[in-house]
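Each in structure tokens, the structures are laid out below.
One chain, chain A, links the two complexes that follow: it is found with chain B in the first and with chain C in the second.
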Partner chain A sequence: MTSPDLERIDLGLAAVLAGVGLLVPVVFSGYEIKLATTITIQAGLAVALGFVVGPGGLISLGHAAFYGVAAYLFAMIAPQFEPASLMWTALVSIAGAALFALVVGAVSLRARGLYFVLMTLAFGQLAFHLFHDTGVGGSADGTYINFRPELRLPGVSIGFEQPWRFYLLVYVFVASCMVLAWWLRRSAFGSVLTAARDNEARVRAFGFSPYAVRLIAFVISGGMAGAMGYLTAAQNGFVVPEMLGWHASAIALVMVLIGGKDTVSGPVVGAVVLLIAEEVLQRTTEHWLIGVGLIIVSVVLAAPRGVVPFAARVAMPQWQRWRHG
Partner chain B sequence: MSPFFFFVQLLNAVQYGLILYLVASGLTLLLGIMSVINLAHGAFYMVGAYVAFAVVENVASFWLALPVGILIGLALGALMERYLLSRLEGADHLSQVLLSFGLILLANEGQRVLFGNDPHSVATPKALDFSIPLSDTLAYPAYRLFVCIIGVGFVLAIRYVMARTRIGMMLRAGAENREMARALGVDVNRIYLGVTAVGIACAVLAGVIAAPIASVYPGMGDQILILSFVVVVLGGMGSLDGALVAALLLGLVDAFGKQFFPSYAAFVVYVAMIAVLIVRPQGLFRGTA
Partner chain C sequence: MVESLLRAQQVGKRFGGLIAVDSVDLELYAGEIHAVIGPNGAGKSTLLAILAGDLSPTSGHVFLGDVNISSFSVEARTRLGIGRTYQRSAVVPGFTALGMAQLAASRRVTPRWNLLQPMHRLADVTAGAGEAIARVSLSGRAAVTTDVLSHGERRRLEIAAVLALKPRILLLDEPLAGLGPEEARETTALITELKRDCAVLLIEHDIDVVFSVADCITVLDNGRVIASGSPERVRASAAVQRAYLGHEETSQETGQEKGHV
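Up next, the complex of A and B:
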């Protein structure tokens, strides 16, 4: 299968996912919408991480830190007795996460390969212990956020207390991230980023700085992860240090890999598959994590490039045969 | 602070550092020789602790737990290399990260199925269940000294094997240049099998001997895993001597940090790791990256 084929399947799948996503508030209500909101946010986090893991070739084991830092920032700046302004708090939280990503990236990207992985892990744990041990943000218990933010436009303000409204807000954020990730992958910037992954020396010979390109990608990805942390904080009404821990980072990586890191739709598929499997397993057994572990191990062994490329490779010949009779 | 109190903390630091080294040495060998990142290493430490718990509960003998733990560790390590890691050979680190993360989930949940959510304690073996008096008010538990002795024995043994034996020579060659070692007739696959089996047996053994000191609880492998990674990075990947120094340093930070700045002890560890990586990206004890 050629890569344009995969790209077409990828785009088609992304469009299908976007369509299905729009149907959610029409078809479902109550708990299902809340679940769909959670899944969509996690899909957004996976898209953010997928952008550095796929085209960047950078395995970050600390992305939950950006996600969590933005959530904590929101919890700290949200007023106690009235809803916060969506525009301002989102901006501040995302900017904070991006800034933290800039610091982490600037230091970590000097290291290569496994050292980069461990460097991001160390920064993630640093952030985790900052919020867990030192009393910042309520220590191990976390902090509450009393109101969901509201969108204040001239003359009208839109609240997001109803599940479907909040879902649509999340949908807009995540869809924007997908479009951004797709556009960046196809842009000249994305080409240089991918080239730096494949042949660093040649990229340098062309006069680009692989370090700078990677850093920009890392900051954008950190900002997107921050947006998802912000949304999670707004949805749940509380933040806890576990949001920043390395387990959360690893789960995000799992989603990226299950779906396929080299596609835009892959991380979304990964998040949907993993979280729905979790939901189903949780209803059947108390020990549902065994199921999750088995899924992860089998995907790594059977479809190491992810299910989207795997399915595409299996499905494409069938499709061609069918189309050409 | 009295000199005796200082001495007790120093012993605690050494004892903790040596347990950390026992776990980290396997991790650093896997990284240095096979370029494998094994997040499940802490899970094997937990397996060891629960082996100690199960053996002491059922057979009432801690000493039996030592060989049982080592055998289980060797078997698990060999299985892991044979059926999982070797299938990923040539694959990127991402697959290793995820595979071993999947194994963590399986191990943690398997532990809950078998032993439940409650923390357990493992009785100190009878023969060592006494304290050695240091001053009128302070005494040091004999079992902790025993852990120190095992740790020092392990350090000497592994240094001897690496520096003086044929296997050690092949390991060093494999870590230096895998392709060249293969070309010179070193059976790399067997080396890998051996390294994984022994490395994981070390983690299990560490869990067994730590069990009477620390309580045995779900997810106990996580913290030691991350600290072991800090040790490996500080020492330089693949460097056993570096890992030893780094493990003892972390032991000191742990023992004295918890006394003087309890809220920041963990924090300081990661700041130190990041600082070292900024100044020496290849770790403290490696010549070149």
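Up next, the complex of A and C:
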């Protein structure tokens, strides 16, 4: 449970981010929209991961696997010569990712702490090597997807080839994930999940199985990560094994920790900060990775609980003073 | 003959060479307070942990009615109606007093997907939790986070939380430890009241309280039952006089461990 102040700031910030997100297709065009789309998808992945890292207290280094499995599923079921149906392919991809998360979670959640991290890492690498080395899904080269999916409604079908349309599709997906994460965090289920993180024995004595509660959270999170993998596959038009690697999981984890794991807007802020910094630094220096590393170190030192709680702590007294004159 | 609600049958627990609990038989009946007393290290808390499911016995069985629940998890036993408090208050950090009672009360929410609602929208949960908090006179502190509560308030919250579970069987591990005289009096009165709704197993160091509220007393020493029965019988038992009551002060002060190899 977070303090009511932080919760209010989190909600306010999420609303601001949603507003800013809606302006993107109005203000920008071309490359910027594509970049914004990528950032938004990664933000969605961070929100998914943040839900298990924050309230669940579960550090997963295997979330890229759920993300990647959904992407590959989409690549495999998408027809070669015509656009796929968004509804069906998204459903199958997300369900596939959630199912994989169920298997990974069911086994990994038997372990605790660092061993849990190791288990998720192992499953992630297992999935990576499955696609990288066995010939499934085109081996190391990956697979192409020729068309973006289209939304088929009775009498009309909406395509997403134009960047702004695809951006709006991504926006709806990610906003839905944020609403879902927000809702779950505030629900009784979220309370049980947090309590299991902070005092497991107590929660068991209250008749809840921490294992079951965590598994449900893990599967929901895996499904959300899958949705983001699906969108990435649709955006890029190809899938590669690197999507599943632990590196991708670690980056999502960095986003969560930079922004603040105890908030819903935190992971989004983390994704925006990290990816925009990357973009800017890449244009200025070839040693941009050093710059990114320095940013991460500075943020962690200055705001160990993340940017959003830090900003809340700094801004709240000012706001109170201003409000009460 | 009335059937017992909870029954320990020849229960034993060994930690390596130490026998903490040795072939203990114990029966708990509805509507009674059954106290377990004994010097420090006698095995009382270990016995309670075995009944609650925190520890599995190395020998013997635990029965709930006719069902052998020896291998059941803590959460499964809670679902079957066994509630327990901890000797050291195990509050959940960050939760308010009411929030913790709600957590307990939300156990009984059906259908389960109603848990997707926020706690405050679950009317039964809020009512049940509020009632439990009121029973331990904590209503005025309901919105206070557990980290801020005093020791005595945490002890009472501990009881409120378990009451919110609406158990049939209540296992209380030293509920009076560290309470002020007034709080202790109130809590004792509450425990006496509770036996109307459930069977109470009470572990308590305050002998005066035990002899005034218990319907049945089991005395443990070195993990073994040395006497069991009505307060009068136990008080008269020579073994109890020898092992415990006679030099109660000494054994409590030195806190000696009496495990044997």
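Basically, the second predicted complex is superposed on the first by the 323 of 325 C-alpha atoms of A that agree within 3 Å, B and C clash if a C-alpha of one lies under 4 Å from a C-alpha of the other, contacts with A are read in each partner's own complex, and residues count from 1 in each chain.
We adopt the following convention: contacts are C-beta pairs under 8 Å (C-beta built on N, C-alpha and C of every residue); 3 or more make two chains touch, one makes a residue touch a chain.
Just so it is clear, the model here is predicted, and its values are computed rather than measured.
K.L.:
Regarding the shared-chain residue A:195, is it in contact with chain B (first), chain C (second), both, or neither?
P.N.:
So A:195 only meets chain C here.
K.L.:
Between chain B and chain C, point out the one touching more chain A residues.
P.N.:
Residues of chain A touched, chain B against chain C: more for B.
K.L.:
On the A-aligned overlay, A:208 touches which partner chain: chain B = first, chain C = second, or both, or neither?
P.N.:
Second partner only, chain C.
K.L.:
Considering only the touch criterion stated at the top, classify A:186 as touching first (chain B), second (chain C), both, or neither.
P.N.:
Once the two structures are laid over each other on A, A:186 reaches chain C alone.
K.L.:
Go through the superposed model and pick first if A:265 touches only chain B, second if only chain C, both, or neither.
P.N.:
Touch status of A:265: no partner.
K.L.:
Does the superposition put A:40 against chain B (first), chain C (second), both, or neither?
P.N.:
Touch partners of A:40: none, neither chain B nor chain C.
K.L.:
Where on chain A do the contacts from chain B and from chain C line up?
P.N.:
none
K.L.:
Can you list the residues on chain A that touch chain B in the complex?
P.N.:
53, 59, 61, 107, 110-115, 117-119, 121-123, 125-126, 129-130, 132-135, 246-247, 250, 253-254, 257, 261, 287, 289-290, 292-297, 299-301, 304
K.L.:
Which part of chain B faces chain A closely enough to touch in the complex?
P.N.:
31, 35, 37, 39, 84, 87-88, 91-95, 97-99, 101-106, 108-110, 112-113, 222, 226, 229-230, 232-233, 237, 263-267, 270-271, 273-274, 277-278, 281-282, 289
K.L.:
Any idea which chain A residues touch chain C in the complex?
P.N.:
Those residues of chain A that touch chain C are 1-2, 183-184, 186-189, 191-192, 194-195, 198-199, 201-209.
K.L.:
Using the touch definition from the top, list the residues of chain C that touch chain A in their complex.
P.N.:
52, 54, 73-75, 78-79, 83-84, 86, 90-95, 99, 102-104, 106-107, 109, 114-119, 122, 125, 161-162, 165
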